[in-house]
Amino acid sequence: MISLSSYLIVSFALFLCGIVVIIARKNIIAMLLGMELILNAGALNFAAYTRFVNQNLDGHVMSLFIIIIAAAEAAVGLAIVIRFFQIKESIHIDDAVELQS
Amino acid sequence: MNDTIVSYLAQAPGYSLAVSKISEILGFDATGLVTFLVFGIAVFIVVNVMALVGGLGTYAERKISADIQMRQGPNRVGPYGLLQFLADGVKMITKEDVTPRDADKTLFFVAPLLALVGVFMSLAVIPFSSGFTLTSLNIGVFYLLGVSSLVGVAIFVGGYASNSKWSMLGGMRGASQIISYEVPVTLSILAVVLMAGGLSFGTITEAQGGLPHQWFILHNPFSFIAFFVLFVGALAEANRAPFDLPEAESELVSGYHTEFTGMRFAFFALAEYIEVFVLCGVCAALFLGGYNVPFGLGSGDFIIKNFPAVHPMIAKQIGNVLQLKVFVLKTLALYYVVIWIRWTLPRLRVDHLMTLCWKYMTPIAIFNLVGIAIWIYAFEGKSMLTLMASALSAMAGSGGGH
Amino acid sequence: MSHNLDVYMPVLILAAFAAIMFVGALLVGKLLRPHNPTELKVSPYECGEVPIGTAWSNFNIRFYVVALIFIIFDVEGAFMFPVAAVFKRFVEMGEGGPVLALLLLFISVLLEGISY
Amino acid sequence: MFLDTMFLLSALATLGGALMVVMSKNLMHACMYLLLSLFGVAGLYATLGADFLAATQLVVYAGGVVILMLFAIMLTGGVEEFVNKFGINKIPSMGTTKTYTIGAIVSLIFSFVILKTLSPLFKNYSQADLPPMESTVEDIGVLLVTDHALAFEISSVLLLGALIGAAVISRPRKINGGSK
């Protein structure tokens, strides 16, 4: 009953949720939450393909790297948000417009 | 690998028979159902014993502190006040459940639940004996690290949800303390994994032996230090004195659970006491030989060899019970030390706490890790005492030759 | 193969048990305990003083830096666990040297971070 | 049997958490739902036989990222000025109807595109002859020090860079040019 497609559907829905969060939210931290969802969807796909298509574990290693990159991204991203907040006293994305010069 | 209590029971001849009987009666394959039931019963037993241990922990704490301070301690309820924790429980459950006006209601509900779930989930991998382990996941230690970090989230959320300044400060401090002490703990556990060559508690315990010289604590000089790093880190993770800053009653009233009343507070306290037990158990399993019983008593070999009349299955059971006893004994000894430390040492200051963690314990832990890696590489995983013994025998041999 | 998955069953059962226990105790307690909140009782405890403002305010940035270092170490730990698990095997095969070098390189990079 | 149950529970947790991250008006609650969702993903990994990935997910996300998020929320929230009043129920910056509409449209487009291009994939592989699940920790460890050794080392450099970079960015700069 459970096949590759069920995992793909779950991962796809996760990805869509992440997209909606990133687009709909105007709060930088909330957008970072959405980013985490998207990265998770990607890592889940790697693991699912590893299980159902070929059983070598390179996919797992790839997922591991994705998780690590997500953690690093969250660390740096949140640091930027905090720095931004110290300067502008706001974490609204529209206030960050001037970052793109 | 991946031993569970079900796979242990399945070795018994009656198990598959019973399963097939039940399948016949119910008319479908009952393997899954029986597995579920066995797990359910085992979980029920473990949780109740743990709740009892938690309750007795509060009692022991008071009694030992009273002993250290030359007082009487609780002595009214039951013999020697043994039933004090039941009285406390009844008191807790009949207390009014106050939710502060400005609190975040949802998170106020979620926080103790998270703490409880995190601690209970960590119970799943505690190796009580070679047979009675709920599940010996092959990622055991790592899983434990992940699940126990839920408690940090719970403490933070608890502090946040109360919307009280004391709670917030306590929660903030508690979370940062737990996460910073998780670093030396992780590194020390990594050292153990290096020595054992596996992540599951089963592998780690089997890599040690029953007698103290086979334990990892005496494996080499670095692991001796690593044990103390792990123990101190565990103390800090469980918010025990001298690291109980998040709930320093002289500074922060009661820390993150200032605003929690009645059962919610009781669950926080229960989670804390069970966590202390879990961490002591982890220390015992990783460094003190876990459930290993000396002289082959644990696996039943000794009994089988010397008393052939005893059925091997029964001998195995006796061995298992002995293992259980040894494990619990080690854990409780550590538990006693924890309580003893609490009533002996004063509390640290918050900046000292962070300095201790980042400037001393983490470098020491990294140093240990490197040392153990080099040790294993140089001596091919032999322990210090084995090397000494072989050196001694070599010397004796050369001395005899002269 | 579902048999192999059974090892996760106790985890789920324990989590469910914790939730049931918590909710159950709260529900049972609801029947037993008094409930009469007053204005004073539900205000946050500040030693009898009337609280000023909310507690959800700015905090020291140092907490964040601690969390930051922690997460980096956590991730490195996650990376080193599988390597540590196979290290002994490599040593027994007589190929411990390169792995040890890799591990030491990894740890030295980590040490740079902490010394920073 | 149990595989199905576990998959359903995990998928439910994942998708429910993700949906609530989308819907929730409170950043703190959104973070908690994210935690639920990540736990669900860990469960999915477990059903896929990727036990080490599941544990890593727990350790890195439940322990690390979520706490980091919570800290960041606490550090940026609570200033009672214009838009950023977090923790209080009305948070203007959490998105308006307009942005949600745009998000919905974009997600619809995305789903059409992806379903169109990937629909053959959804049918193919069935769970006919899957090997039993094995412990992946050792194999991942071997892979990390053999095939992926370079990536292993580079990732440590990446993490070092992230650590130093983030520490520099978020360092309090009250004293100008202070060494530490």
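Which chain is which? They are A, B, C and D, in the order written, and residues in each are numbered from 1.
As a convention for this text, a residue touches a chain if its C-beta (ideal position, glycine included) is under 8 Å from a C-beta of that chain, and two chains touch if they have at least 3 such contacts.
If you're wondering where the values come from, they're calculated on a predicted model, not measured in any experiment.
Q: State which chain is most central when centres are taken as means of Cα atoms.
A: Centroid comparison flags C as closest.
Q: So using the touch definition from the top, which pair is joined by more C-beta contacts, B-C or A-C?
A: Greater number of contacting C-beta pairs: B-C.
Q: So what's the Cα centroid distance for chain C and chain D, whole Å?
A: Measuring from centre to centre gives 15 Å for this pair.
Q: Hey, how far is the Cα centre of chain A from the one of chain B, in Å?
A: 34
Q: Where the CA atoms of chain A average out and where those of chain C average out, how many Å apart are those spots?
A: Roughly 20 Å separates the two chain centres.
Q: Among all residues of chain B, which ones touch two or more of the remaining chains?
A: Counting only residues that touch two or more other chains, chain B contributes 2, 32, 35-36, 137, 142, 145, 160, 163, 172, 176, 179, 182, 199.
Q: Multi-chain contacts only, two chains or more: what residues does chain D have there?
A: Chain D, residues with two or more chain partners: 1-3, 47, 49, 52, 56-57, 59-60, 63-65, 67-68, 71-72, 74-75, 79, 87, 130, 137, 140, 144, 155, 159, 162-163, 166-167, 170.
Q: When you check chain C against every other chain, which residues touch at least two of them?
A: Where chain C meets two or more other chains at a single residue, that happens at 2, 4, 6, 8-9, 54, 56, 59, 61, 63-64, 67-72, 74-75, 77-79, 81, 84-87, 89, 110.
Q: Assign the assembly's chain-to-chain touch graph to one of these shapes: line, ring, star, complete, other.
A: It is other, because the touches fit no line, ring, star or complete pattern.
Q: Could you please specify the touching residues of chain D with respect to chain B in the complex?
A: Per the touch definition, chain D meets chain B at residues 1-2, 26, 28-29, 32, 35, 51-52, 54-59, 62-64, 66-67, 70-71, 74, 87, 135, 137.
Q: Touching residues of chain B toward chain C in the complex: what are they?
A: For chain B paired with chain C, touching residues are 2, 4, 6, 31-32, 35-36, 39-40, 42-44, 47, 93-102, 112-113, 116-117, 119-121, 123-124, 134-137, 142, 145, 160, 162-168, 172, 176, 179-180, 182-183, 186-187, 190, 193-199, 253, 258-259, 262-264, 266-267, 354, 358, 362-363, 366, 369-370, 373-374, 376-377, 380-381.
Q: Which part of chain B faces chain D closely enough to touch in the complex?
A: The contact residues of chain B facing chain D are 1-2, 32, 35-36, 104, 106-107, 110, 137-139, 142-143, 145-147, 149-150, 152-153, 156-157, 160, 163, 172, 175-176, 179, 182, 199.
Q: For chain C, which residues are in contact with chain A within the complex?
A: Chain C reaches chain A through residues 61, 64, 68, 71-72, 74-75, 78-79.
Q: Show which residues of chain C lie in contact with chain B when the two form their complex.
A: 2-4, 6-11, 13-15, 17-19, 21-22, 25-26, 28-30, 32-37, 39, 41-47, 51, 54-56, 59, 63, 66-67, 69-70, 73-74, 77-78, 80-81, 84-89, 91-92, 96-97, 100, 103-104, 107, 110-111, 114
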